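One chain, chain A, appears in both complexes that follow, with chain B as partner in the first and chain C in the second.
So, the complex of A and B:
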């Protein structure tokens, strides 16, 4: 495997992109990602926060203490461990793959192109409660939920799009969970100001845990946007529906209770 | 004088009748309480080496020309390797040798679980070895798998016959009791996940084999490897100088050691075989899960009249069946006890001992149901325990027991419950719970130690024990320093090498300090006696008036005061060699450890989050050698126990029997943020019948009561009964709903 270190966007030509490596390296090691060239994006992706624009190469540790809305800061603070936050970037965080153990162990599941959802039939106690009829995996990004609630927009090497448009639910025809094209890199994240925002997270230990349920809420004027982490195959915007719309599996009913309680608290905190 | 005795030997609650050659132990115990060195907090002798990265663990061993080995493991939970073709592996770059089933002990044709070792490959790099192992072509015949323990019991898929125990008349006692409580309790599989994975480096030197291995028992590995390879034990040298944790999983050699030894012989080069973290979570052993159907009956005054249990130990493919019913038989003075334990043989990874095997699981069920009984009788759980405290171990007297003192010291922590509960609000419900602990930990013979005193005035304790991370190296140094009347920094301990010291016990069953400590003291006393003999001749005084205090040779009348180092400088190249042996355990007595823990929890009744806020642990383990090291054992046991109580969960795919939680983000051990305030107290009363020290072991006792104490605190806080470990949010919310009378979520 070769490691490429391009110095401009023009040099991007295939390969697997890597920045902090906290997600890509384990996926390569487990054989889920396979490539002959690894492309280190760090020299070409912006890093740092300026005027509501966050460079995709900004680390979670940097965002934790940056001038960004509370929900985003808190989502970063509650993510992973200090060591991982110092390496992991916000751009990479948005593109994390599910922690579904079947997917991670390379069971030939639907997300891997197969014809079964092993988790739905087997162990799924940490899995999705929304949009789970095809694949019950849960998306692990705290940061994505926060940015979704904050109505962030992405600037990629090819286009501008609302964050919600980065994600797509996998289906029979297309198993991908993002709309990012091969060779396309996230460069910046534009976060509009919010009057108040909050991120709350349930874990089964106090730190270093992916969200069982994470809820982000952001208020601007009369409008409040709510998004969840860990409840659907993609970061989940609660759009005109309530938690009652959840469709839990036998062993994920408890997550509905947790989601409801955290949402109530989040809205109370927003005031 | 050496004496041949027939005695009962106990390890991890397992007993066997053996012939033992023991030496008398003529030293009388020191008075209770802190001495000059023993009983005083000492930082670890090897603290600096450890924090500087200088301590050489097995994982650090890199021998010149060393190859790396990887193990091919079964992808099926039950299958037979009909044909194993090593050729594709041998054709790969860097691969130097490959072995298949029956080429080394531990590599087998029949795989009884996903991860069972089948073949191994040695190559120039670890990556090449793993590629080689993956390239081995195996023709598998798949066999039926059973992963459900209750199904296994129904179908008679058992390890051995069910174990039955009965005293008194259980049925009659239940029939005449005022109150009867029944319940089913479950405990889950727990993984050791020591920081250092299972691993060995093997090197042949002529016809001798050097084995560097991460082990709790260098002598056991020596014996096992010699037997497995068909060579004399004195041809095998086993070294484990520093060890990155075992918790019971590293009592035997393991397939990785045999694979490394056989591949080293085949290639003529040293071979390292180290499990990855993923392999560690799959194939390195675990605490087995249990299902416990329990009955507890009492009179209205709180006297427990009957205890009964039907236990299933869900053992997995291999392992041994620990005494899950042990606490039920031993903790309370109950006349009528009936237990039966079935051991399910299922296609899951093997059980290995894990910190108080059986008693951790059994104490969870017993101490929860006793609290439920107390609640039904409207009795104080502490009073209930005091009232029913056992006065003998099923008729055998104790060598010492201070559980009543533990309860007395628990009072002030127990009294906090009113104030703790009062701090509850709509979201956080707070409560306090307790649980008691009984376990073994007396150690036993044989174990030996030598002391070597040189003309530089320094003392080396030589004993081929291992310090598995518990700080026993420091404790041994303290014992020798105390006996010889020198400061701790004068003493070094040379350990962990079967070629460079006498036999010492395995470090399991809380036995290192109570087994080796008395031998070290005897060896130090022997050296001291010789120093005094020489001093008596040099200064023309009687031996009986001489002593060594503060590294000074002194006479009783105070006229003689000679610096020890100065005196010893006349030795030149001569050395004083002391030797000592562990004497026998007291006959006709039960040597046990006791304790009680009081836990404060907060439960978020809306999200099911459980936080342990404070743990007070009071343990009775005889004399404390190093209070600092002892506290560290208690803290470690409690933290590890909080893990299996709240967050650690090994999940299996029910269809394939494959472990799904193979990494530490999925198998969740506690982080430092999960650690509560921990208050330790020790009764610190020497066991007058046990050895020249009166010390018992402490490695295991602290992990025994924590799960039940947390469960009882949760009931105190919320009224909800939790019956299954781990108490995840799912289980907590289920129990809360049950408490409110609503049907649990389905």
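So, the complex of A and C:
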């Protein structure tokens, strides 16, 4: 395997991108990602926060104390561990893969291109309560839920798009969970100001854990946007529906109660 | 590739997929850095790069450009004696990583509150459960 360090966007040409490597390195080691060339993006992806635009190479630790809306700061503060927040970038965080143990252990499940969802038939206490008819995985990004509620936009090396359009639900024809194309790099994230925003997270211990359920709420004028982490195969925007629309699995019904309770608290905090 | 570890420059030839932990332990013989989970969950492999705690098990050695500090470089740090005084060690496997994280914390905040300690040390898991003693060691690191 070779390591490339391009110094301009024009030099991007295939390979697997790496920023902080917190996700890429374990996936390469486990053989889930395979490549002959690893492309270190750090010299070409912006880092830092300026005028509501966040460089995709900004670390979660930097965002934890940056001038960004409360929901984003809190989602970063509650994500992963101090070491991981110093290494992991916000761009990489949005593109992290599922934590479904069957997928991580390389079961030939639907998300890996197979024809069964092992979690639906087996252990799925941590899995989804929305959009779970094909793959029942639960998206683990706190940060994505916060940015989704804040109605963030992405600037990539090829286009501008709302964050919601980065994600797609996997289906029979296409197992991908994002619309990012090979060779396309996320450069910046534009976050419009919100009048108030919050992020609340339920974990199986007080610190340093993936979200069981995370809820982000952001209010601008009369409009409040609500998004969840840990409830669907992709970050989930509550769009004209309520938590009552959930379709829990036999062992994820508890998450519906948690989601409802967190949402009630989040809305009360928003005022 | 070149790597500066504990103030000393080393030249090592390793494949791209080699982790910083592997270089430290297998190439440089610095076995104080421990590897337990090897996937970012436990913090046993914590080292500092330019003073910031990072996980050497999921850091590719070739991507490191800063100065690395391992537990061997903190041999004379007052925290080591503080851990001994507080009996903050049971099996000891997590201890090097705990000391490396704690050293960065007290460098940034010499009198950390309990809350700061819990936030900054959350990424270092102790399977023996010595957390109260680690907290005590850090609270009294200069005594």
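In this section, the second predicted complex is superposed on the first by the 271 of 271 C-alpha atoms of A that agree within 3 Å, B and C clash if a C-alpha of one lies under 4 Å from a C-alpha of the other, contacts with A are read in each partner's own complex, and residues count from 1 in each chain.
One rule holds in what follows: a contact is a pair of C-beta atoms (placed from the backbone, for glycine too) under 8 Å apart; a residue touches a chain by one contact, two chains touch by 3 or more.
None of these values were measured; they are calculated from a predicted model.
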Chain B versus chain C as contact partner of A:160, first or second or both or neither: neither
Which of chain B and chain C A:118 touches, first, second, both or neither: first
Chain B versus chain C, judged by how many residues of chain A each one touches: B
First (chain B), second (chain C), both or neither touched by A:242: neither
First (chain B), second (chain C), both or neither touched by A:251: first
Chain B versus chain C as contact partner of A:207, first or second or both or neither: both
First, second, both or neither for A:99, with chain B first and chain C second: first
Partner chain in contact with A:65 - chain B first, chain C second, else both or neither: neither
Touching partner for A:261 - first (chain B), second (chain C), both, neither: first
Interface residues of chain A shared between complexes with chain B and chain C: 81, 207-208
Touch list for chain A against partner chain B, complex: 81, 99, 101-102, 104-105, 118, 121-123, 125, 202, 204-210, 212, 248, 250-251, 253-254, 256-258, 261-262, 264
Contact footprint of chain A on chain C as seen in their complex: 15-17, 19, 38-40, 43, 46, 52-55, 58-60, 62-63, 101, 118-123
Sites on chain B touched by chain A in the complex: 606-609, 611, 646-647, 651-655, 658, 660-663, 665-666, 668, 670-674, 728-730, 733-734, 745-746
Residues of chain A defined as touching chain C within the complex: 1-3, 18, 21-22, 25-26, 28-29, 38, 40, 42, 80-84, 86-87, 207-208
